[in-house]
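Next come two complexes, and both contain subunit A; in the first it sits with subunit B, in the second with subunit C.
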Partner chain A sequence: MSVVEISNLTKRFGSVLAVDDVTLSFEPDVIHGLLGRNGAGKTTLMQLLTGQDFATSGTVSVFGATPVENAHVMKHICFIKESQKYPEDFRVKHVFKNAPLFFENWDAAFADKLIGEFRLPLGRRIKKLSRGQLSALGVIVGLASRAPLTFFDEPYLGLDAVARQLFYDRLLEDFAEHPRTVILSTHLIDEVQNLLEHVIVINEGRILVDSDAEELRGSATTVAGTARAVDAFTAGRTVLSRQGLGSLAQATVTRLSAEDRSAAAAAGLDIAPVSLQQLVVSLSGDADTAAAAASSATTVSRKGQER
Partner chain B sequence: MIEDGRPIFVQIAEQIENDIIDGTLPEEGQVPSTNEFAAFHRINPATAGKGVNVLVENGTLYKKRGIGMFVSPGARERLLVARRDEFEKQYLRPLIAEAAKLGITRDQIAKLLQKDEV
Partner chain C sequence: MTTLVSATSPAASHATTSAPRVVNVLRLHLTNKFTTLGLPLLILSFIFGVNYVIWLLIYTSTPGGDREAVQGTQYSGSIAYVFIYMAIIAVQVVLRTFPFALGFSVTRRDFALGTALLFGVLSLIYSAILTAMSYLENATDGWGLGGHMFSTVWYGTGSLGERFSQEFFGLLFFFFVGAAISTVYLRWRAIGQTVLWGAIVLIGVAAMALITLTNSWASVGQWFVDAGPYGVAAWSLVITAAAALFGFLILRRATPVA
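Right, the complex of A and B next:
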């Protein structure tokens, strides 16, 4: 059974449709990536899933019940927000003293180990922490909570590369030992792409991609060569993006078969894979190509679910 | 190293095959666990598991319940046969195509091969 079931979910702020008729589910014990541009609706979606906001229409079911005002559901959820607010005058150690009251799977030894690794000063006031330390605090709470459903919303603003790598490593290790459902929203797609098992791309409140990460790898390819050869090859295909430079051009197209690849090579075209990050940029860059790409991406996700 | 554009589980399976072919993983030897692969390559454990399962399904590896994954007897020989079949397509044909593009004749290729004593 899915951990989260969303159907026809809509959230409107005045004239802005932040979440637009979304139907989606999150499977247990899977690390999901929730990707999209700023303002795409990622945070709003997570707030609706954690009962922090009311839907305009549609339904959300988490562990089989509505999360709104539902203590039974909420005790299984940990939501690490980009801008978590703490009580005035709280020190770092107060957070770790209180956390076990909220999370029944809280692992204090694991938290202590992470506090050391992230070099978090326990005695410091929260408001005196640097942006990176504040993010580290959130990451540690999120990991040590071992909540069956853990949300990380842009968890690492201000974290340096070493600390981010530490977060990825500890997340993978602990996930392997204690599988749980993780939903990670991020802009650093290149860094996290290998951690994800499932990828959701949201743009202007709508779901563009809902697919197994492995299905998505290799779902787009860039071909480059003379403009004439590129255009001849891409005619009749879904082109996600195209750039030209004089008589040269390169275009990103959806899924190529082995025969397509040989045909492209025979036509003198260079073929290069497209990373998840480049794919998301192509998909959510421009509305027209995004619509065309979304239809091919849906094909991708259907294939993913058949397996 | 994990590269872009190809499914990660395929790459994991290939790397294990390479380790069996060059003897790093001997027959009847134990293969690292899915979680060890995941931690080493920094990939999702489910993805690593999928790569290992490909090799269990085709008989290259076998499972001992509660102990782990081992290299099947005869796996190396079977992999060598399969890879030799692929050799012509993967290495020889591109070489001949590139040589033709550069105006290098087949005789010249043969001479180069003999000169190279590696």
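Right, the complex of A and C next:
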């Protein structure tokens, strides 16, 4: 049973289709990555899933019911968003004083530990926090709330590399002990690619990829070698991207079979798995090749999800 | 999923109705009591202090036996600040705490009910203080100077019930009207405010035109005289209730999206 079921969901802001006829589901106890460019519709989608915004058409079901104005569903959700607003007079400690009132699984000891690790000044006014400290505050609330469905929307803007690593480590550790459904939207794809079990790529409000992360990484391969050999090999294939440097070239192509791989090796080409980030960049950059790659990735991953 | 199944089973969900969450919203609002209680009372003390100095000045500069001048303070309106400030608190609560509460998975309904509860609690506290001060003012014969701030021709006289209910209804009026106005901003931003104030002005002008054209100003004035200060306060409940309903309906479709 899926935690989140979305069908034909559309959200229109004036003439802009922020979310365009999306049908999607999220499985329980999995860390999902929601990837895409700025303005792709990630935040809007999450706001629709958390009852913060209203759909133009289509349905959203979270834990089997609509999240909109549904306290029974909402109390299992924690949504950490980059643009979260706080009351004017709040200090950091006030946030932690209120969190247990609204998140029933709140772990105060865990929160205290994280506050120390992220070096968050409890007595400081929220208005005076740096961008990184504000992000740390959100990250701590998101982790310590232990909500069965936790959303992190660009959770680490302004966080330094040490703090980001801390976030990944604590998320994985706590996830192992307290499995829950996590949906993480981010630009720093390379950093989180080992964290993600399932990847959804959204572009211009449409779902480009909905695939197991391992599956997706296998769905494209980079071949590199002399430009002539590369072009000979890629002729007739779907090329996601190609870069040339003098007589050398490198191209990213869709799924290769075992025979393809040996053929490429025989032609003197180097074969390397493509990073998730490269894949998302090439998918989001060009809609036509994206569609081809997306179908190659999703058809495989969908097999296990037939209902 | 096991945790969730147990949490949403009928028995468990019955135990966690939205009532406690409404109370939690009230606690959220009262996180920083300086904003809702401390600062307003500080300013009230300051205004009282300034008034006291003025009474003292008048008292000492008028010849003994002739304290008529100080009696003029019974037309004081300095207490109006308390009421206006409640509207400001209402605006802050709606504009700043609403997006935060939604981020903490509070439904709009629970937020609205918890906020109404806050308005009720604050109105009770402030009415009790203002009523007590009005009796103190009477008992000390105007703080020994014949001054008036808490008991004037407009309010703070009559029976305990009349004094208290007048303050209470007045405070509720400013809370709910302030909140209703800010829900319009929350939902439609600056355009909403422009339209709202435009509509208020149009309705006001239309009402004035109607009264003038039908030569009814005398009867309007008579209505206020007949209703008296307590009657007017009681009638304000109609507008308060309308503002509460209006604010609730607008908030139900408001989003934290800028």
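Keep in mind that, in the parts below, the second predicted complex is superposed on the first by the 298 of 307 C-alpha atoms of A that agree within 3 Å, B and C clash if a C-alpha of one lies under 4 Å from a C-alpha of the other, contacts with A are read in each partner's own complex, and residues count from 1 in each chain.
The working rule: a contact is a pair of C-beta atoms (placed from the backbone, for glycine too) under 8 Å apart; a residue touches a chain by one contact, two chains touch by 3 or more.
Model, not experiment: these values are computed from the prediction.
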For A:48, select first, second, both or neither according to whether it touches subunit B, subunit C, the two together, or no partner. neither
Quick one: classify A:76 as touching subunit B (first), subunit C (second), both or neither. second
Superposed model, subunit A: greater residue contact from subunit B or subunit C: C
Could you look at A:85 and tell me whether it touches subunit B, subunit C, both or neither (first, second, both, neither)? second
Looking at A:169, would you say it contacts subunit B, subunit C, both, or neither? Reply first, second, both or neither. first
Would you check which partner chain A:136 touches, where first means subunit B only, second means subunit C only, and both and neither mean what they say? neither
In the overlaid three-chain picture, which partner chain does A:239 touch, first (subunit B) or second (subunit C), both, or neither? neither
Could you pull out which residues of subunit A sit against subunit B in one structure and against subunit C in the other? none
Which residues of subunit A touch subunit C in their complex? 1, 3, 28-29, 47, 50-54, 63-64, 69-72, 74-81, 83-90, 94, 97-99, 101-104, 147-148
Contact residues on subunit C for subunit A in the complex? 1, 3-4, 7-8, 13, 16, 18, 21, 24, 27-28, 31-32, 34-35, 92, 96-97, 99-100, 102-110, 252-253, 255-258
Applying the document's contact rule, which stretches of subunit B touch subunit A when the two form their complex? 2-9, 34-35, 38-39, 41-47, 50
State the interface residues of subunit A toward subunit B in the complex, per the touch definition above. 30-31, 168-169, 172-173, 175-177, 194-197, 213-214, 217-218, 221, 272-275
